[in-house]
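Have a look at the structure that comes next, please.
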Amino acid sequence: MPTAFHGVIPPVVTPRHADGSIDVESLRSVTKHLIDGGVTGLFALGSSGEVPYLTNAERELAVITIAEANAGAVPLVVGANEQTTHRVIEESRRMVDLGADALVVTSMYYAIGNAAETEAHFRAIHEAVTTPIFAYDVPVRTHFKLPTDVLVRLAMDGVIVGVKDSSGDDVAFRQLLLATKDLPGFSVFTGHEVVVDGALLGGAHGVVPGLGNVDPAGYRRLYDLAKAGDWAGAAAEQDRLARLFGIVFAPNGRVSGGAAGLGAFKTALALMGVIESNTMSTPMLSLNEAEAETIRGILVETGILR
Amino acid sequence: MPTAFHGVIPPVVTPRHADGSIDVESLRSVTKHLIDGGVTGLFALGSSGEVPYLTNAERELAVITIAEANAGAVPLVVGANEQTTHRVIEESRRMVDLGADALVVTSMYYAIGNAAETEAHFRAIHEAVTTPIFAYDVPVRTHFKLPTDVLVRLAMDGVIVGVKDSSGDDVAFRQLLLATKDLPGFSVFTGHEVVVDGALLGGAHGVVPGLGNVDPAGYRRLYDLAKAGDWAGAAAEQDRLARLFGIVFAPNGRVSGGAAGLGAFKTALALMGVIESNTMSTPMLSLNEAEAETIRGILVETGILR
Amino acid sequence: MPTAFHGVIPPVVTPRHADGSIDVESLRSVTKHLIDGGVTGLFALGSSGEVPYLTNAERELAVITIAEANAGAVPLVVGANEQTTHRVIEESRRMVDLGADALVVTSMYYAIGNAAETEAHFRAIHEAVTTPIFAYDVPVRTHFKLPTDVLVRLAMDGVIVGVKDSSGDDVAFRQLLLATKDLPGFSVFTGHEVVVDGALLGGAHGVVPGLGNVDPAGYRRLYDLAKAGDWAGAAAEQDRLARLFGIVFAPNGRVSGGAAGLGAFKTALALMGVIESNTMSTPMLSLNEAEAETIRGILVETGILR
Amino acid sequence: MPTAFHGVIPPVVTPRHADGSIDVESLRSVTKHLIDGGVTGLFALGSSGEVPYLTNAERELAVITIAEANAGAVPLVVGANEQTTHRVIEESRRMVDLGADALVVTSMYYAIGNAAETEAHFRAIHEAVTTPIFAYDVPVRTHFKLPTDVLVRLAMDGVIVGVKDSSGDDVAFRQLLLATKDLPGFSVFTGHEVVVDGALLGGAHGVVPGLGNVDPAGYRRLYDLAKAGDWAGAAAEQDRLARLFGIVFAPNGRVSGGAAGLGAFKTALALMGVIESNTMSTPMLSLNEAEAETIRGILVETGILR
């Protein structure tokens, strides 16, 4: 059995009109932009898709739109983002009905759990939903690091088919890679845009880069170079993408950390003509003209814009 | 204009049958137990009500049941617990339709906000919903401490009618009390069960005690003693309640922190015959026989059981 | 056996000349100011004394100066502030030789310990040094909260004679008070300047207020009112002191949190003519003229200056 | 001007006799073991050297012993580990007198600083001490992440000659590498034992591996493979070393995190016959027989022992 999921699976941004409503046209456009860029999958309702800010109706609209624009071209992974087990199960069923090929599930949040509850959480969801599940390790949001031994047990028992790691804990990441190395069909993705070369060298199967919205072809190139064993080439491409990642620092503290990163991706896409507006979800501030100019400079410098 | 909210407003636990379904009879029973104990309000869908673990249908059932059992006896405060602004607004409307007299709203969670976004969050909710709003400061869950200056501005502008403080930051709590002292109709509640005497001495208007499920009359007594200026009496009653609070340490690490506290309240209520079962929401473990025995000992020692 | 330590024991600030050297004259002056204000003890080399910033020679000079100015008037408590057990033991011996009547010891820092190591740490120090030891619970600096059960065991076994609590965990504080209530000669002090009334109501034996440098008489008054059972009077005095505490917010983010609080105390003392300069230890910034003016306003408003 | 520091510079462990005194013979032996293994430098008084636990006399003895055993074979880097600026300056001078070729300095700890104070801290130390300074970024101990912009300014101004990064923040690490890429003589080392291949691929100049005490030759091999562009070979060697790193999990929670890692290194060295005893500094527990057996198994499995 081959590894089902691998490569570049960006978390698709969710564009809004200036009035705050979901911009369906722009969402179709960014989906097409990603597929044209060579991504190997699409991740709807991720953090970069502003999932915590979407109402349930908006989540539905976003998934339907992406699924239609994708039309089966690449696998569609969807976030089932809810606080606790039974709420995740309900959200998972909704997402599967809308066309999810796989689900992305975090540990509980707002609730205060522990390792045993977290393991039971994933097992209960898997029992209720047959669709493949990725564990999403994002302690900066959930305030709980998924323990390596829990992930390995869930992997061995087929409860999860992979991990999306945004933990920033590169030591645990390597331990997870080592422990699941010989497990067929299991995939480990890094969520960190600027260390993909090292992650792939260490055995990772792919990347879920928010920045991949802006430069999907760059990430695909990096992935292909690594697969071909051209590590120096991969590192050079990674260095270029790391410079491009500098767009997230444009607001320099004027907006929240969340609004800075996602706002930079949306602003870049608007400057590139892929989406209409860089409007953020309430209550996040959108980036301003000056910040857009800083971003334009970086896009030019890294070859995205002329 | 008088202070509308004051006194003892416990967060009502949500009993479940052994099979995991909501136990409507027991929920009616605990509501009656609280009103008979002299509480001045009821708080449905709080953390002690296991709100993050309830599905939307369960949340609805819990509020309807409590509202019916209360039958207008005391004000009904309801948690509108959701991740971000628009989701809170939708949840708020749902809760108002079910009979909420006031809403309890936290800062965003899972989302990564800042002070300015948090202020905008509360303002947007207030604009959309006319029902009185309490800000709920619970950084152990949201991982964001509501800044005192933000709370004071929201209070001055009538966006919030009060604060429920579970921040554990007693210095900020006193600063908030001082800053809102002369603001008519504004109420500050502590959520910490064992420091109510000091909070009332410092000017707080009441308490939202999870432990109040177990001993509502004790908290009412403490409140009345304080209001009468009998501070030594209030402190003695608080000491007894602080010993009673020892029930939350019965599991001694066997279950998660969340499951220990709520589980202890449910176990005590089951031992007292108020509810049928101490069953917890998935994936939390329920307390076992040995832990129940420890709890029984403390209930006897503090005069709750004979 | 009576409680040996009680009342108001402020952590003495360490004045510096504008050139950065220790200002011995001003240190004598502030010591006299405190004794005249009615303090029941002096705490040298506390956090408010900028102990982490003093070289070993400076620490020695500070303790010698305070001890001479005190001349046995009140007990002299001295911080033995070092990273780990053997280093604390060496520092403790040095401080006892300089005249310490009691020592203040934190858990380890920089080192990454746990509860068992922390208990062993205090036991090893007590075995090596016969001088009474206070455990200083200051997780904001050590990043380790002293567990209540460890403190209670150390208290029962006579390893420590008291606790200075700056943990901000008022729930654990009350549990500690309850657990050590009947232990003769054991003292629990709060380090939080604005909640002293509630702490005393709950059974605390005293306070170690940095702000006590500025208004020792106010804290003594608060303590005496509480001891006399005039709790409303104590709360009113506490409210005034809480307003005075507002001086620490004068820099409003211009300097670090550490520099703001200590800088405000020094600036107030300079404005009051007790010390010569508000110069801070390297690399902390000293407060500027505008901040001093804000502080002067609060001093006038709270009756410290006319 | 060439990069002065590069390659493998392990933090030398500090062996103790069973009675707790420094074991000078074993310290000589481990130093020789490291030089024989091909290390390109030695780091005395690092965290793996238990520097926070050593008294000043012990620190002196450790540095003198390592310096003598090294006899100038490789550069000797020494930790000047103290709380704040002036204390670091005094410690730095002491270490330079004992033969330090370079100093390793952290941000302040116990003290609560900010970015501006941290920058001033390093500048003041550099002004007082001409010896080259490495900034050591270890927020798990100091609870302050050295900001990338501060590090870059310090690098550009020649205040620091390099960074030892144990921050676990691989994103910031890559940004630092990018920003200092063209700065001659500036070196960036990772302190994380299991991601060295990726770090070198991204442009790092070397590694400071605690595990290098156990297998210096393995780390040298990894470094040489990377320098030769054999990235697949480097990754394979890293995978073996990552498996070897599993020794730190042998105590499985029985001892503190600090005692587990350092205790595993010492236990391995004792099993290998390099040092006499695996005794830890007070109050850390030493690893027991069962844990030593687990470690022996891993040493055999990874080719260190037969």
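In order of appearance the chains are A, B, C and D, and numbering begins at 1 in each one.
Convention: a residue touches a chain if its C-beta (ideal position, glycine included) is under 8 Å from a C-beta of that chain, and two chains touch if they have at least 3 such contacts.
A quick note: this is a predicted structure, and the numbers were derived from the prediction, not measured.
Listed here as common contacts of subunit A and subunit B: no chain.
Comparing the residue numbers each copy contributes, subunit A and subunit D share more than half of them at their mutual interface.
When each chain is reduced to the average of its Cα atoms, A sits farthest from subunit C. Taking each chain's centre as the average of its CA atoms, subunit A and subunit D sit 34 Å apart. Rounded to whole angstrom, the centroid-to-centroid distance between subunit A and subunit C, based on C-alpha atoms, equals 49 Å. Multi-chain contact residues of subunit A (touching two or more other chains) are absent. Residues 168-171, 173-175, 178, 192-195, 197-199, 201-203, 229, 231-232, 234-235, 238-239, 242-243 of subunit C are the ones that touch subunit B when the two sit in their complex.
By the touch rule above, subunit D contacts subunit C in their complex via residues 52-56, 81, 83-87, 90, 108-114, 116-118, 120-121, 124, 140-143, 255-259, 281-285.
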